[in-house]
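Consider the two complexes below, in which subunit A is the common component and subunit B and subunit C are the respective partners.
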Partner chain A sequence: MLIGPFYVAHAIIVLMLALIIVPLATIPRKLSYAAFLASSALLALILLLSIYAFLAGVDVTVFTIFHLYSFSEFFLGLFAFALLLINALSYEHYPNFTRFLLFFSFAIVGMFVVAMANSLVTILLGLELMTLPTAFMIMTSGRHHIEAAVKLFILSAIAIGALSFAIALLFPYDLQLTLSPVSAISLFTGATAASGNYLLILSIILVAAAMGFEVAAFPFNLWVPDVYQGAPGNVTALLAGINKKVAFVALMEIFFVVFIQFKPIFSPILVLLSIATMFYGNILALVQTNVKRLLAYSSISQAGYILIGLAVATQFGIEASILQIVAHLFMVIGAFAIVLWLESNNLRTLDDYNALGSRNRFAAISLAILMLSMAGVPPLIGFIGKFLVFSSAIDSQTLLYLAVFGIINSFISIYYYAKVIDRMYSGKSHDMLAMGKYTYAVVVIALAATILLGLYPGPLISAATVASKALLAI
Partner chain B sequence: MLALLVIVPLIIAAFLALILRSRTDIVKYIALAGSLLSLLIAALLFFTTSNAVQSFTWFTAGQYALHITTTTAPLNMMLLLIVAFIAPLIFAYSFGYLKTPSEQGRYYFEICIFAASMMLFSISANFISLFIAWEMLGITSYLLIGFWQHKPKAQLAARKAITTIIIGDVSMLIGMLLIWSTYHTFEFSALSFVAVTPALYAAMLLIAVAAFTKSAQFPFTEWLADAMEGPTPVSAFLHSSTMVKAGVFLILVLAPIYAELHMLGIFIIFGIVSALVGALNALSEHHIKRILAYSTIEDLALMFIAIGFNALYAAVLLFIVQAFYKALLFMSAGSIMTAGDHEEDLFESFNSTKNRGLFITTVIGTLSLAGVFPLSGFFGKVAIDSAAANFSSLPHILLYILLSIVDLLSSIYIFRWLFVPMRKAPLEKAFTLNINYRTLPKSMLIPPTILAAFVIIGSVFYVTLTNLLPLPGAPASVTLLDTIIETILVVIGFAIAYMLYVKLKLSGFTEKHEILHGVANSGAEINGFYNHFTAFVGLIANIVWHFDHYCDMALYYSSKGLVKIGTILRKLQNGQTSLYVAAFMMGLLALILLFAL
Partner chain C sequence: MTILIGLMLLVSALASVFILALDSKLSKRLAIAGSGIVLAIAILILVSSLLQGSLSMNESYPYINAFNISLQLQMTPINFILVLMTAIVAFAAILSGNPERAGVKTANTLIMLFEFSAIGLFTSANLFIFFIFWDIGVIALFFMINVLGSANRRYASIKFIIYEIFASSLLLLGIMMIYFYTPVHSFNISSITAAASSIPQSTQELIFILLFAAFAVNMPLFPVHFWLPDAHTEASTQGSMLLSGVLTKFGAYGMLLIFTMLPIANKLAVPIAVLAGFSTIYAAFVTMMQHDIKRVIAYTTIIDMGIILVAIAAMNAFGTYGAVYAMFAHGVTIALMFLSVGCLHHIFGSRDMKVVKGVVSKAASTGYSFIMGVFGITGVPLTAGFIADVLIFIGAIQAFGLAGALPLVGLLMIGAFFYLVVNRSFMMTKDPSQPIEYIGMEEKAGYAILMGSMLLFGIFPFLLLGFSNL
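Let's turn to the complex of A and B:
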């Protein structure tokens, strides 16, 4: 091995901390471009290091609170890559990028902390560190964004409260609170049977509710459309593309490591959340006229699909969910990049999207492809993700109906995706729109990922297999 | 992946068309060149490679590997050749039909992808490649049917089509996943050797539903008639070799499995109902293209009936010859419409005899559809009648009678379709009309001529099919009895149509929903017999149409209902943070209650 595993882990942590210093060093001098370059470089370094660590199979624990292993390395790399895209989007969108970066860098550290967490408290802190700065990012973007920020703030406070309570309830069962399977024996009372352990079950439920908030599962998700619509587009892309995925990582870490012995208890909860979320997202998306809000609902329904694989709770199910997470991450970032750019040109509703096909051909065709992928049309990546998720449900035999619900939902979704595509290609206009170069680059990358990973998903699937096996091996 | 090569030229042409869409002068030639190249490759494949199944792994997940499998089996090659042969003719016809420069790029992009999807469909040998093609066909047909976006009717038609198609896609996907969950295979070839389980029955039933939606069989007939809002070359393509043929072809490929499961009967039942729906609707329709659309439903239904009798050769025979005469008839309809300044009403179309080339090819197509010896349509239809001719039990006899009625009806409506536009135009219209007929572009006249030639020589397939295609079951045969019956029916149909529309100059059966009202007011010049006949046919058409209409409405309202639920749910999202917090707490409480109880 070229670099010792311990050094890799330390290097990643040091780079994370360096990210926080970047805005602090650049704000006084208003060095937006330098801040952008520095933060991008740091993210790229983290990306490279995590790829290296993943390929080398690094497995190391740092300060007992961080654990670097295949699963966390996979997501570290994925988030670093996605954050690079968001970083570029934000740089183009904000005249005062450094101020944005101040909060953004904290959120980034929060995400990485969750991905690398080795204890429940680390996860809690990481989630907090991610959500609060996100609220500030929204708030500082302008006066009319404050409502969305406050909503996010209040509801995330409640969710974090629920999660803290859940962790507190777990204390009698595991004094360390590390990410390791918790046994059903209470260290204080000596109660043993899982069914009699109401504290433990309550803890699982509270985790489900808190995570239900973070991953936008019905009924903990009513805030989502308001916040997604109210937030500036790059933050919406961040929320839908990364924050939610971080929450899925936390959910997987808690359920599949800590509560792994209580699968019969948490699996039905996830089944319920999944079905409700899919139907809620898809049916409400049908009646939306604001494209950003439509995408918000669509991303809710995508969270429902991801939950299917988690509800199945087998190695294959987790692998499928990881695939769907990756798929949705790229699709949603690409789509919100286009929506953000159109929003800055005052195009918001479906009616505004009329004739987009003739105003900017690239944007229209990209959005169409991304939406087809979200709808699950082969051979794009959205199809692969959905296909694997549904297959995992079928494979489990007992949850076959989840796959059927999923299929029905993915066909309902074709209606509203087709509606957007329809609009873009109806009518004609000679009023051309020009796309900024960073937005263009982000869309090209997201599109390339959507198409190429759809045509050749082999490497991605094997990486997801390694990650999911590593998660279950703890 | 030799067989996949065939779609490459079309895909390249499609993207070239998209990139070069400002250069409207060359886009069409690119598309034509692409399709000709595909035809060349298809022909090479047909003549050089033997029956070879090739597969490559798309991806592996868990313990399963997903393969894209293609085959060059004779049956698949047959469909591939038909598609590849019709495509350039359609493209050439489009040269004359579609003249608006701004539409060219989009049109050729969509239709090239459409053709490529059908070719992919025709060579696929497992559910994965089939589903990709199936889905692509659905989306491109949606785009093509709604091609004229400025027409609200076209938008509605496209939406109706996609709704029906999505129902098919859902049942297709559930069906194939059922098969996978039981047998862990997607290959068609593997299905013949699997143990029969209830899951297989369910899956095959779902796949049959999917085929019915694509092939517009009862109760999914309505979308196909509405799809006439699309450009005529698209209709010609859609009805002859692509899209609607996909459903029949899928069942044709899977027929041995259906036979093993004793499920062929459903194709006979749904087939005969669809045939009647198609024929009766065609008889009471006024729209020049919708008549042909309903007639396609009837043709496809006949193929399903043949499959139902396990007479695969008869089904394939009609499958081949129908492609030629239906493409030809749609091209004729398009030419008549173009000359009449996009007049779509059959009874407002006149003077179709003025262009001799057009008229002769139209007559050949008409005679073939009606089933006149020795044109190819005759062999296709009578082979199916002969397959169904079994007088051992009452249901069989009933079925044969119904088939004969369908034959008679199709003879009446197609001669009506031929005779009505032959009438002399009113003086004020005649001048421009005649000029229009004489100045029809060559590109709109040559493709139908080629097709007409194939309609005539297509009869050789009756003899050679057994050598070309190895299929289970007896070869298609035409018995003397059926020939006589069919000929008598055609003559009767011809006579009725001639009496009604040439002698009496009847203005046709009135529109479906006004039929009874229309008959009551139809005046004294129609004598009793025709009056009763009209009323009778109209009544049946009305009943069938109503039933069909209700199915259609059910579809419509179920989609409407979803939107309604969405509107109600939307009230939940009133922007009040307290409500969101309450929802969070309620959700938490519900989960706790779930475990407490």
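Let's turn to the complex of A and C:
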């Protein structure tokens, strides 16, 4: 091995801290471009290091609160890559980028902390560190941004409260609160029966509720459309593309490591959440006229698809969910990049999207492909994700109906995606729209990922297999 | 191990991408070259298999190694007949299907993309890639209708995509169930066929019904055919040629697959044949209510697809080859008819049989092409449709007794109605007040290609059936 595992882990942590220093150093002198370059470079370094660590199979625990292993390395790399895209989008969007970066860098650290967490407290800390700055980021600009920020702040505070309570309830069973399987034996009273162990069950339910807020599962997702619509587009892309995925990582870490012995208890909860979320998101998306709201509901339904794989709770199910997470991340960042750019040109509703095909050909084709991918049309990556998720449900033998519900939803969703595409190609207009170069680059990268990973998903699936096996091996 | 099928796919995919980068004139040349190469490869395969007296090609390219899915392609006589039909129709559509010269670049990209998907689908030896090609084809035609169609295209295209995605959802579910319920856990069609009898009866029935429903929507069959008239009428000429000529064959080919793959089909063959026969007669009655000529042709698709399904449900060699031959004949013939109606619309500005008069005297080539198409659809001897009908009804009578010949009634009715159309709009004296536009050589070349292949394979059926083991 070229670099020792110990150094890799420390290097990543140091780079994370350096990210926080970047805005502090650049704010007084308003060095936006320098801040952008520095933060991008740091993210790129983290990306490279995590790829290296993943390929080398690094498995190391740092300070007992961080654990760097295949699963966390996979998501570190994924988030770093996605954050590079968001960083570029934000730089183009804000005249004063450094002020944004001040909050953004903290949120980034929170995301990485969750991905590398080795204890429940670390997860709690990471989630808090991610969500609070996001609320501030929403406040920087956008329509109805104060309302959106306050909603996100209050609801995430409730979620964090529920999560802390759940962790506190676990204390009798695991004094260390590390990410390791808890057994039903209370260390204080010696009670053993899982069915009678109400503290544990309550803890599971509270975790499910808290995570339901974070991943926007029905019925905890009423904040999503308002916040997504109110926030500036790049923050919406961040929320939908990365924040929710971080919450999924936390969910996987808690359920599949800590509560792995209680699969019969948490699996039905996830099944219910998944079905309700898919139907809620898709049915409400049908009637939306604001594109951002439409995408918000669509990403709610996508969260439902991800939950299918987690509800199945097998290694294949987790692998499928990871793939769907990757798929949705790229699709939604690409789509919101286009929506953000159109929003800055005052195009918000479906009616505004009329004739987009003749106003900017590239944007229309890209948005059409991204939406088809979200609808699960092969050979795009959205199809691969959905295919694996539904396959995992059928493979489990008992949850066949989840696949049926998933496919029904996937069918419902084609209507509103086709509606957007239809709008873009209706009518002609000679009023051209030019796209900024960073937005263009982000869209190209998201589009390339959507198409290429869909055409040739082999390496990604292998990586997801490694990550899911590593998670279950703890 | 050959590379010819892969080459066809590669050429059409590359052409589809590169057309986007060119201007409309060059794009048409590239599209003609691309589809011409595909057609040339198909003819090469035809000639070489005629010389060898047999045809069996298998190709495999890596795809998703993690799940043991590879791009497995096969070419048996059945696959080949459909591929040849696709190549002919796509070439003719690119060459001639656009008398208005509107949206040339978009149209050519989408046609090449559709050709890619159709060839892939008809040659796939693997249900997973079958599904992938299916959806690519559907999406390509969705854009074809939505972007290039006529006035009511948006309604028609959304209706089309809803029906088709419904079908493909059922298809996906069925395919995944096959994968997980066969003991071998494979998508490969031949290994599923070998292992299918070990799937429990009830599961098999469920899978069969899912797939049958999916293919029935696509074919289309009586209760789920409502997308077809709108989609065909609103699509551009090229769109209708591909929709009716090739896309409906996706479902028919799928039917052929499930009937050979799942043993449960034996039990369900008779009810399905009854449904198909009813669909034929029903569509014949509906057709006679139409006065838009394009809509008339659209409805004849339902009639012919019903007959094809009767032949498939017969489950014997005559029925199967009759069905495949009918798919070929119908694809070529219906493309010819849609092409001539498209030109008719361009020439006269209308497709209403009450308005259009004297086509033969004013636009002779278009008029005669349409009449040849009518001959082909109704199965007049020397057209490919005749060979197909003979094979089909021998097979159907073998399987179902004389009742198997009942769908002929639908064909007869539609034949009679068509002669009325021809008499009214084509032969009757012209209306001198109608303005006239002329069509170019390219359209006439398209007529020649489609009419030529219709007659060639009608007069010399051994060209396609010679190397099969009928």
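Please note the rule applied: the second predicted complex is superposed on the first by the 471 of 474 C-alpha atoms of A that agree within 3 Å, B and C clash if a C-alpha of one lies under 4 Å from a C-alpha of the other, contacts with A are read in each partner's own complex, and residues count from 1 in each chain.
In this text, contacts are C-beta pairs under 8 Å (C-beta built on N, C-alpha and C of every residue); 3 or more make two chains touch, one makes a residue touch a chain.
Computed from a predicted structure; not experimentally measured.
Novice: Going by the contact rule set out at the top, does A:Leu222 touch subunit B (first), subunit C (second), both, or neither?
Specialist: Touch partner of A:Leu222: subunit B, not subunit C.
Novice: Could you say whether A:Gly427 touches subunit B, subunit C, both of them, or neither, answering first, second, both or neither?
Specialist: first
Novice: Which holds for A:Gly212: it touches subunit B only (first), subunit C only (second), both, or neither?
Specialist: Once the two structures are laid over each other on A, A:Gly212 reaches subunit B alone.
Novice: Could you say whether A:Ser40 touches subunit B, subunit C, both of them, or neither, answering first, second, both or neither?
Specialist: neither
Novice: Looking at A:Ile269 after the superposition, I want to know if it touches subunit B, subunit C, both of them or none. Which is it: first, second, both, neither?
Specialist: First partner only.
Novice: Regarding the shared-chain residue A:Ile283, is it in contact with subunit B (first), subunit C (second), both, or neither?
Specialist: first
Novice: Count the residues of subunit A touched by subunit B and by subunit C, then name the partner with the higher count.
Specialist: Partner with more touched residues of subunit A: B.
Novice: Touch test for A:Lys151: subunit B only (first), subunit C only (second), both, or neither?
Specialist: Once the two structures are laid over each other on A, A:Lys151 reaches subunit B alone.
Novice: Would you mind listing the overlap between the subunit B footprint and the subunit C footprint on subunit A?
Specialist: Dual-contact residues (subunit A): 372, 377-379, 390-391, 394-395, 403-404, 407-408, 411, 414-415, 418, 422, 425-426, 456-458, 461, 465.
Novice: Using the touch definition up top, name the residues of subunit A that touch subunit B in the complex.
Specialist: Checking each residue of subunit A against subunit B gives 150-151, 154-155, 158-159, 162, 201-202, 205-206, 208-209, 212-213, 218-220, 222-223, 225-226, 265, 268-269, 272, 280, 283-287, 315-316, 319-320, 323, 372, 377-379, 384, 388, 390-392, 394-395, 397, 400, 403-404, 407-408, 411-412, 414-415, 418, 422, 425-428, 456-458, 461, 465.
Novice: Mind listing the subunit C positions that touch subunit A in their complex?
Specialist: Contacts found on subunit C: 62-67, 131-132, 135-136, 139, 142-143, 146-147, 154, 157-158, 161-162, 165-166, 169-170, 172-173, 176-177, 179-180.
Novice: Quick check: in the complex, which residue numbers of subunit A touch subunit C?
Specialist: Against subunit C, the touching part of subunit A is residues 357, 372, 375, 377-379, 383, 387, 390-391, 394-395, 403-404, 407-408, 410-411, 414-415, 418-419, 421-422, 425-426, 456-458, 461-462, 465.
Novice: Using the touch definition up top, name the residues of subunit B that touch subunit A in the complex.
Specialist: Per the stated touch rule, the residues are 58-62, 64, 102, 106, 131-132, 135-136, 139, 142, 146, 149-150, 155, 162, 166, 169-170, 173-174, 177, 180-181, 559, 562-563, 565-567, 569-570, 572-573, 575, 577, 579-581, 583-584, 586-588, 590-592, 594-595.
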